[in-house]
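Quick heads-up: structures coming right below.
Next come two complexes built around chain A: one with chain B, the other with chain C.
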Partner chain A sequence: MSKKVSKPGSISRRRLLATAGAALAATPLGVKLVQGQQTPIRIGMSMPQTGGLAGGGKASLLGIEIWRDDVNAKGGLLGGRKIELVVYDDKSSASETPAIYSKLIDVDKVDLLFAPYATVPTAPIMPMVKQRGLLLIGNFSFQVNSKVGHDMWFNNAPWGPADSWATSFLDIGQRAGGKSMALLAADQEFAQNLAKTAREVAAKRNLPIVFDQAYPPNTVEFSSIIRALKAAKPDIVYVASYPPDSAGILRAVNEIGIGDNVKVFGGGMVGLQFGAVMENMGSLLNGVVNYNTWLPEKSMYFEGTKEFFDKYTKRAVEAKIDPLGYYLAPFGYASGQLIEQAINAAGSLEQKALAKYLRENTHKTIVGSIAFSPDGERKETAVLQAQFRGVVDKNMEQFRSSGRQVILFPENLKSGELVAPFEAARK
Partner chain B sequence: MFSFDLLLDAVVIGVLLGCFYGAVSLGLSVSFGLLDVPHVAHPAFLVLASYAVYFLNEHYAVDPLLAGLLITPVFFLLGLVAYRLYYETFEKRGSDAAVRGIAFFFGVAFIIEVLIILQFGVDQRSVTADYIGRAWRLGDIRIPYRLLVAFAVATALTVLLTLYLSRTFMGRAIRAVAQDQEALRLMGANPIKIKQWAFGIATAVLGIAGALLIIVAPVDPTLDRAYIGRTFCVVVMAGLGSMGGTLVAAIILGVAETIVLTMFGASWAPAISFAMLLGVLAVRPQGLFGRRS
Partner chain C sequence: MTRNSIAFWTGATVFLVAVFVMTQVVGNQYPFFAGYVILQFIALAVAWSILGGYAGYVNFGTSAFFGVGVYAAVFLVKAFSAPLPLQILAGAAIGALMGFALGLLTLRMQGIFFSIATIALTIIIETTITNWRYVGGAAGIQIQRPAVTAPFDNYVQMLFFVQALLVVLAVAISRYIQNSWIGRGLQALRDDELAAECTGVPTLRLKLLACVISGALMCAVGAPTAMYLQYADPASAFNLNYSVTTLAMSLIGGTAHWSGPIIGAILLGTTQQLLTVTISSEINVLVLGLMLVLFVVGAPEGIIGLIRKLRDGRKEGEV
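Right, the complex of A and B next:
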C-alpha cells in the first residue's frame, strides 16, 4: 500500500482545492455560488391540473410560480435560500389529496404546505394537517376549517365570515324588493356550505325559501330544473354551482326564462370568473349578479398588482390558461407574499412562529391588506358581488376594461347600482 | 306539490334528452354490443370529436352539425386504425383479451384526454350556432332547439344504422360476425376485416355524436368520465347490438332522470340509470330488446 505524504513546501491537491474554494467564496460571485448551494425552501402542494377544477388550479399555480420567480430573482429568503415548489396533480379529486399530502410530508419532507385549489380537494387533508401540527395556507376553499378548528390554517381567499357571502347577495336582493328566495346548489362540499349559510341568513330574516334543490355533479341538462324553479316564482335566485354546471344553468335560463318577478339571479356561480367561460357565455351573462374576487376597477389596484398582471398575461398565453386570471392567480401570488412576510419576520421556518406572525399581523399583498380571524379566515369579507353589463358575444378583451362587471358590494369598492329585475337587466 | 304542467314538461324534455343519450351511445352499441370489444375509450373519442367540431366552428365558422359530418370520414379511419392496433396487440393473443382490452382502451382514453389538454387547454369550450341558446315555445312549454336537433339527429342515425345493418351486405356480415365468427370464417369471409370495418362505422358515428355533445352543453377534456357509465348503461339495458333498442332505452333513461330531477329531487337522478339497469337485468338478463342466447 502506498502512503500519501505531503512534502514541506509543496501543496497537496486537497489543500489547493480548499484554498481555491475559500478564495472563491470570498468574492461576490463566490458568495452567490455558496448561497446557491444552500438547501432550498421547499413548499409542497397538490393542484388540480386535470379534471373540472384544472382551469382554476393552473391559474392559481401560475400565480404562485410568479411569486417564486420574483423571490428567487431577489436572492431568495433566509439569507439566500431559494424557493422550490413540489407540486402534484390531484386530478380535481378529493380521493387523491390525502395520499399526496402524506407523500409531501413523509417522503418529500417539504418545509411548508400550501393547500390545493378549492374546497373539495382540501377538505380531506384538514384532519391530517391538524394532527401533525402543520401550517397550511388555504387556497380558495370555503369553511373547511369550521369543524376541524385547526389554529395554523390561513385561507388566502377573501371570503371572511361564513355568512357574509350570502348576506351581501341577499342584501342586494332585498333592497331590490325581493321577498322570497330560491336556492339551487350543486351536491358538492363548497356549494352545500354556501347553501347552508344562505338558509341560515334567510331564516334569520324570515325570508321564505320557496325552492330548495341540490343537483348532482355531471348533470347534463338543466331545463327541467329551471322550469321547476320558475314555477316556484321566487324573487331572489341564489345559485351555488361548479364550473361545468354554471354554463348549463345559464343556457337553460336563457332558453326557458326565469320569470319577471326575479330581481336578482346568481350569487355563488363558480366558473363565471374564468375568461374562457365568460367569453363562451357572452351576452348570456348580462344581468347576472355573481361573486368575484378581483376585477379591473381602479379601487382594486394595490402595490405590485399591475406588475403581477403584466407578467401573468404574458405567461398565461404560453401556458394556455385563463388569459385574464383575475379570480385565482393574484391570490396565489398573495399566498406566497403571506408566507414570505412570515418567514422574514420569524427568521426561520418554525411553523408555530410563522402561524403566530400570520395570526397577529396585517399583511400587505397585491390583493390588498389581509388580516386573519382566529379561524384562519379573513377578518372582514372582501368578496365582491358584481353585475354583468353590456357583455357581447365572443370577445375576451371586453373583460379587461372596467364597467363590464359593475361592483355592487362591498360599499368601499362599489362602482355602480343594481339594474333590476333580472329580465330587464339582461336586455 | 304535484303539477301536471311540470310533469308534462319533464316528459318532453326527458324524451329529447334521451335521444341525445341514444345518439352518444349508438357507436358503443356497435363496438361493444355487436363486436364484444370493451371499448371504454368510446366517450373519449366522443369528446375528441367535440373538440374537432369546436376547432372547425371557432376557426372556420363551420356549423357544428356540418362539422360533425365533415369529420366523420376521419373518425372512420381512426376507428380502423384503433381496432387494428387493438386486434394485433390484444384480441388475437388469447382468451383474456377482453380484460387486457379494457386496460388498452383506458390507456387510449387517457392519451386522448392529455392530447386534448395539450392542444386546447383545460378550459370549457362551446360552439355557436343559430339553434343554440334559443327555445321553441309550445304552449307553456319551452323546448331548447339544441335538444330538438339532438332528437332529429339521433332518430336519423338510428334509422340509418338499422337500415345499414339489415339491408346491406356489409351490415349483414357485421351482424353475422357478432353471432358466429367461426361460421363466417368457414364461409370464406375474413371476420377480422369485417370487425375492423364495423369498428370504423362505430367510430364514424361518434363524429356526429360529438357534434351533438358540444351543441347540447359545453365540453371539457375530462367530460368523457361522465359518459362512461351512462353510455354502457344504455347499451346493456337495450340489449347488446340493438340499434332501435338503444334509442328506446336511452329515452326511457332520459325520461326517468328528468322526472326524478323535476319532481323528486335532483340528488336521486344519478342513481336512476343504474337502478333501472339492475332492474332490467334482473327481469330480462338479455336486456330490453336483446335476443335470448
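Right, the complex of A and C next:
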C-alpha cells in the first residue's frame, strides 16, 4: 500500500508554485510584470567624482538627486514611472566620457542623457549625441555646442551669449568711470575662453587694454605680476582665474595694493563661489566684483528655491561636500525640472518632442525662468556680477545671509550699488 | 621561419581577423569604445617596455609622447585635413625624432635622473602646446571626423581596427628586438652598462635605437586619439595618468618577456574599464592602488616572473 505522505516541513508542488509566484511578484521584476508600464525612467550621465572637477561634480549630482527624490516622492512621471539615475565617474577627464556614454546608450539603454559637469568632459560626447539624434541637457559647459551645432542641446548654465560675461563686467567698470582695462588670465580652458571674449568686447568698445598677461596653471606667487599690473595703472581689472590662483592673486593684492585708479576688480575668478574657499579667504574678498550663478539675495528666491536649499544643506553635511552649494547644485535640480516639464508636456519620452518643447517654451525653475536660444544656450544671460561686502575672517555662516554679496548685474535681480574705487571698497 | 615564429604570426593573423569580423558583426558600439582604450594601452605598454623593460631606462614621459601624437594629428587635420594613415605616420616620425633627443639625454643621465628628466620633458611640451593658439591652446580644440572609409560603417569601429594593427606592429617589433642581437645588447647594458661597453656592446647606438623605436610607437598610438575623442586639450592629452598606468601595466605583467606588458595591459586595462562602469567612485582608484601594491609585494617580477618561478619550482620538484 502506498500512500503519499507529506513530511512536516516539506513542500508540495502546488505550494512551491504558489510561493515562487508570490516571491516573483515581490521582486522588482515581478512588480514590473504585474504593474505593466511602471518601469522607471532612466537618466544616464557621467559625473566627475574624482579628479580636479570632483568638488563641483558631487554638488551638482546632489542637486539632481534631490530632484529625483522629490519627483519620486510625488509618485513619478508619466503616470507613476519613477526616476532612476545611472551615474558613472568620468575622473574629470575627456578621455573617459566617450566610452561611458556609449555604455549608457548602447548597453544600459537609458531613456535620457544629462551631460557631465564642465566643458572638458562634455566636449567629446557632443558629436556622438548629434550623430545619434539624442537630447542632451548640458551642465555648466562653456560654448561647447558652438562648433558642433546640435539642435537638441540645452545648457542649464546661466551663461547666455558668449560675450555677455565680459559685457556685464565692463559695463559696471565703465559706468564707474573706467577708461582702460587690464586682463589677467590663467592658461586654462575656461579662463582663456573668458579672456578671449573680453578682448573682443574691449576692442568693440575701443577700450584700451593696458595690460594683458596669461600665467601658467599652478602659479602660486603673484606679487611680481600684480606689481607689473599696478604699474600699468588700469581702471578696470578683469581676472579669469582658477581656485588656487584666485587665492594667490587676492593675497598678493592685499600685500601690494592695486592702486587708487582701479574702479572694479574681478569678473571671472573661479573658486570664489565655493564655501570652503570663501571661508578661507575671509576679509580678503571685500570689494571684489565677481561672477556667480546664485546668491542668497531676496531677488534670487523663486518657487521651491528655499525648500531646495533646506534639503541640500542637510544632505551636504552627510555627503561631505560644499555646505553652501550655491554655484552648481540648484542648477542640477533645474536640469531635472526642465526635463520634468518637457516630459509632462510631451506626454512621452520621445526625444524630438522633448527637444521641441524645451526650445519653444519658457520654463520655471528654482533658479528663475529659463528660455533657450537656437544654439541651446540661454536666450539672455543670468550670470550675476556681485560685490563682496563686509566679509569677516573664518566664518562660513555669514555667506548664508543677504548683503554679503551684493548683486550689481543683471538689472532685474540687482540688490545694491557698486562701491568704488576698489581700494575704498576693500575697507 | 622557426616554429615559434609561425605560431606568433598565426596568432597575430587570427587576432586581426577576429577584430575585423567583430567590426563587421557587432552592432553595439560600447565594446569598440572600451576595446579601443584597452588596445591603446597594450600598444603603449609594449612600446614602453622596449626602453623601460629591455634597457632598464624607466621612462615617465609616456604622456609626452602620447600627447605629441595627439597634437601632431590635430595640427595635420586643422592645417591640411590629412587622412588618418598620414596622421599616424607623421606622429611616428615626430615620435622617432623626440625619441632620438631623449636617447641623447641618456648619454649623461641614468637611473632616477633619467626618469626625472622625462617628467620634465612632459611638462615642457605641455606648456608649449598650452601656449600654441593654432591648435587650440589651453582652451582645447574640437575637431570633426571625416566620413568613414569602407568596409567600416562606423568611425569608432575603424579606429578599433587601426589600433589593433598598431598593437600587432608594436608586439612584432618588441618580439623581434627581444630575440635579436639588439635585445641581447640591451639586456647586457641593463645589467651593467660599463661592463657592456667594455665588452664591445655599442651601448649608445642601442639606447638611441630603443628610444627611437619606443618613441615612434608611443606617438603613433597617440595619433588616432584625436579622432577618437574629436577633442583635444593639453591637460587631458598630456595627463600623467598615461605614464603611470603604462608603467604599472608593464611592471604588473613583467618586463622580461615581450608578452609581459600585453598581459599587464589586458589585466589592468580591462579592470579599469570594468571599474569605471561598476564601482565608479573614489573606490576604483583605491582598487587599482591595492592591485599595484599586491603585485609589487607578491610578484616583483610581474606575472611573467611569477609563472616562470612556479614552472621552475615544479621542475625542481620533479628532479
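We adopt the following convention: the second predicted complex is superposed on the first by the 390 of 427 C-alpha atoms of A that agree within 3 Å, B and C clash if a C-alpha of one lies under 4 Å from a C-alpha of the other, contacts with A are read in each partner's own complex, and residues count from 1 in each chain.
FYI, a contact is a pair of C-beta atoms (placed from the backbone, for glycine too) under 8 Å apart; a residue touches a chain by one contact, two chains touch by 3 or more.
Only a predicted model underlies this, so the values are computations on that prediction, with no experimental measurement involved.
Contacts of A:375 after superposition: neither chain B nor chain C is touched.
Contacts of A:70 after superposition on the shared chain: neither chain B nor chain C is touched.
With both structures placed on the common chain, the touch criterion links A:50 to chain B and to chain C. When the two complexes are overlaid on their common chain A, residue A:187 makes contact with chain B and with chain C alike.
Residue contacts after overlaying the shared chain place A:106 against chain C, while chain B stays out of touching range. In the superposition on chain A, A:221 makes contact with chain B only, not with chain C. Overlap of the chain B and chain C contact sets on chain A: residues 49-50, 187, 214, 216. Taken together, the chain C residues at the contact with chain A in this complex read 28-30, 32-34, 36-37, 127, 130-131, 137-140, 142, 144-145, 156, 225, 228-231, 233, 235-236, 239, 241, 273, 276-277, 280-282, 284-285.
Against chain A, in their complex, chain B makes its touches with residues 3, 5-6, 9-10, 13-14, 17, 20, 113, 117, 120-126, 128, 132-135, 142, 144, 147, 216-218, 220-223, 226, 258, 261-263, 265-267, 269-270.
Those residues of chain A that touch chain B in the shared complex are 49-52, 54-55, 58, 92, 187, 213-216, 218-221, 223-225, 227-228, 231, 243-244, 247-248, 251-252, 254-257, 271, 274-277, 280, 284, 320-322, 393-394. Of all the residues in chain A, the ones that touch chain C in their complex are 49-50, 87-89, 91, 93-96, 98-100, 102-103, 105-107, 119-120, 123-124, 126-127, 144, 147-148, 186-193, 196, 214, 216.
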